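One structure coming up, written as structure tokens, with questions to follow.
For clarity, chains are labelled A, B, C and D in written order, and residue numbers in each chain start from 1.
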């Protein structure tokens, strides 16, 4: 069974290669009779769009979404919502040199091994361009979640060794979106941007971390023992290109803690004094904000010479040009939010069936 | 849709409450005609069993598995393999005091909110006792993986602040199993055991970390874009009780790296010079060892007084007795291995369908 | 992917071989907090039980169900409900002669070809004894459906060429259960019983037909375009041993009709004047009774000599003894009802997610 | 969970409304490296196309398929294959009169009840126009099946009361395609065509029956106990618009048979003397041809006045014009074949995982 469908009840099936005709998706299981705000969808696409700032790739894509089905007179029909985003700025000839070469830490080698064939242009299916479909679906999911007062906000907490001082404060969307790197601490953001510019100038790339807060989730979402809410969030996040780690609540810091420190005392109003659990206990939301971190490695595309092999296993010195993000996290913020929205809405709808 | 089935092609459906009649499972999709070594299954159960050493809980369970179907004259039939492990040492009366109280950072509150009912005895379905079913299924999966020369080894790298010095060495099973804490560095193991004993004496609990290595996996396993191999591993691990974090390859350390450091140079034999990718690129195995870390928080059950609330939202001072693990990681090693085995075998079987 | 799980939201995973230790199942997705009437479950098992009358097989099974999980103090927990029915009267030695022979029109040959191994005792997994698990799950589903005033009634309309005169009347449970063949027309029932006795005396078997009425289903159940309500009913029925045909509403008779005859005129109360649609239009229930027929072939086990082959493809004259039903339909009535209950409840729960 | 995905391993997700922008689909799980013959796909579409003969609807659609992804240089990539067929000849204004009226035996009422909203133009999602997506996916499946020498042929055996004399003979594609009604007996075909023309002249519609033969299927396909091969075929067929019945092998005629007549004697070459089983025993193919019948009711769209109700439950006399098929079976032949191809290929790929 192939793996291009995400979710059980609100399901996104994604399709498309980076330099094919289009990227797109089909959402099945979207509740009917929901009014869709198309501007909000385009707004999320713009947040993910290449070329949005000086620190992102300069590939020029309008990234305008076309809907093919499932929406009638502005409202969802309950039938599949198909959509596509055309690929316009496909400089496929840039990639001819890569037809027979496996780039280090890219998926070139593994796709070839798995399928015995691959579309080498721009990484084909393995390109992060595919995430544009997730952002569309996530933008629809967020509109539905908003009806339940569920809000999702992510921001960049770290780029390389530049880290926010107070990552666990509350921040407004305006603070987060105030700068190109989507870090709500102005001084830290400036340092991050400088660091990214340095890295770009060196033809290199650099890693980063995103923190995400989902607020307003009612207690009761999550399906133990395997489809725990944070297990599905982990899967969603690790499914994003370049992600290497996920932690919820106290996360890896919890390794060093004592139970007496970690435990979240319950208060008479049903809230907890601390939130080391990150809003989920036993795989089920407890009504507190859901808090998680996502670790991104530096993207594999760099403009430095690298030793590698070709499809005949001959050593090759790789020296590519191209348009790449030196640091993926600023553009990954809306992707993290979109995947979180898909998970939360899917579980919100799943929960409807667990009680009569 | 409830969430008690794991996997797509090799599927485990788990059932049972901690103090019910039995814990068990049904495996559907086990390939036919495989000879089963029952001793190896029991061996894995013994590694997970309570009371196996001075640093684990003293609940006394034989944990003997009975098979009800799917195996005929020692071989798998290709039909569902049902099995159960009876619950014998159920001191349910110990839990009467908890009937109306929500323990901090347990799943008591969230189960009640989700289902409107719960079996309060020993945590019911939320108890880590459920993982006994995973260990049985994993032990069968491992026997099949062994035919493909795929091996899975996990060990404890950290307890509280006590950390291994060289966690990324190669270790033998004998080294790992040489001590009660399953850490292959003898000196570190001794320090971990002392720390756990201290914590137990204080009526407290402590977190820990497990490292897992899957070797022998052929290139080509994993189903992008959503069912990436590491995404499914992440989901599997976060689905284990008390797990709060997962990282593959360079993981959270990759946040600080440059692409020129992170990228794994391809060598003419198809291997890579480094393994920052952790054996997976673009969601597909590349033939290198798969390396990941799992973070466990301290378990919520502690023997200290804690402030909490009852089902009527009244504040309560909780002062429980009981038999609990002060640190879960030694017994979690076979559980991590079992879940890894389920993921790898499922993807091995899924991969069969992706080429003619 | 193997096929031992039925349903999407209310899911039954079935297990067990005819002469293994037990037949059983796990229900995942049963809504929580539902009080279970165990007597009603046993009542349905008794309706399916061998030896219940002079015209069924004389295999002697108590068919008492044991529940292992998912029910606490008489109520469902929302966690998996595992149950088993032990196999007691296993005269496995009766089947030694069949170890290397493929019986005509049984699944002996096909299981061997598929799996390369089979449990030859009593048909192993292919035995209709497996349906005992479906009856248990169906009996739970029916108790939930009853809360929504949904009722399911099946009865025998035909045995061989003996057919009811007015199969589309309304009948009470008492009328249906008044005789061993479960046909509510007394005279026809007598003729059917005589015919079955004749067939049994000749060491032969005979086919039959069951009609099923599901009343009280609200409009709106069914998930086009593939999981249409009647498509799932068809799959459920064809999945029962010995079933060769399914028709809904006008069914095969509709082939001969004109649209002006077939169309069900809508009345101002939302009902229809006729019910040629059988309660489903466009794959979605319309609030009228759901009406369908199920065709059963004569069971393959007969006590006459038959020409066949052994596992080495040598011709063999088969002359078996054993205890078999000469006509399966009287005992199949509760099985048809159980499978219908699983489909309807699954769709009732699925429908909850299709609107906010 | 909505129901617009068909299959487990070779999966089609269908989308689109009759008068929306496009109908289309996404195939996930198509094996990689398969060369696609686009002409053969278009050929199947042409067989289903409206306006192909004097006895079909005159809606004028080019029905040209555009592929958006998953195919590179003429070969499948193993990634999702997305495709669409634009809706060109949408005379939506024809349907304005239907905006508030429920047509008898259409899905107007049930879609409204289910979703609380519907696209009334041309039946929206409930239109048989959706099956164009199935034909595309089926045409790809057939190309893969052809590599295994599996062939699928369907033809019309009955229209109204006009029935073939020898429906169980062998017929060539040329014989089947020799006339507009796709019945391989020339005389019968002529009578069917005359009958359809009469019915059309009367503004009425008429039912029909299709017989399908799948030859070359190896023994071993099918996944008991629920995903039996014929159970999945039944579901596939009942999911086609206007289908009311399905029978395999002896089908409803088996009701009247004795076991001694029905049983298929096994011959030393592993074949059977008769094929009352229809090529499937115990839910698994036995290597003999798979034979089944599909019953179609007369389509609901007729040009006669009909009494019905509007959305306010007021009685309305309906008098519609429009372009409709008086008998759907000639165009349904390629749809039956396509759905059969999806089922057989899905099970062929599923079977790969059941043995090591």
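Assume contacts are C-beta pairs under 8 Å (C-beta built on N, C-alpha and C of every residue); 3 or more make two chains touch, one makes a residue touch a chain.
Source: prediction; values computed, not measured.
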Shared touch partners for chain B + chain D come out as A, C
Maximum distance between Cα centroids and chain B occurs for chain D
When B-C and A-B are ranked by contacting C-beta pairs, first comes A-B
Here the gap between chain A and chain B, centre to centre from mean Cα coordinates and rounded to Å, is 26
For the pair chain B and chain C, the C-alpha centroid-to-centroid distance in angstrom is 39
Within chain A, the set of residues that touch 2 or more other chains is 1-2, 4-5, 8-9, 14, 29, 32-33, 78, 114-116, 125, 350, 353-355
As the complex stands, chain D meets chain B at residues 1, 9, 29, 31-34, 78, 144, 147, 349-350, 352-356
The residues of chain D that touch chain A in their complex are 1-2, 4-5, 8-9, 11, 13-17, 20-24, 26, 28-29, 32-33, 66-70, 72, 75-82, 84, 114-119, 124-125
Listed in rising order, the residues of chain B that touch chain A in the complex are 1-6, 8-9, 14, 102, 104-107, 109-111, 113-116, 125-126, 130, 158, 160-161, 199, 204-209, 219-228, 230-239, 241, 244-252, 254-270, 272, 276-278, 280-287, 295-302, 304, 306-309, 313-315, 350-351, 353-355
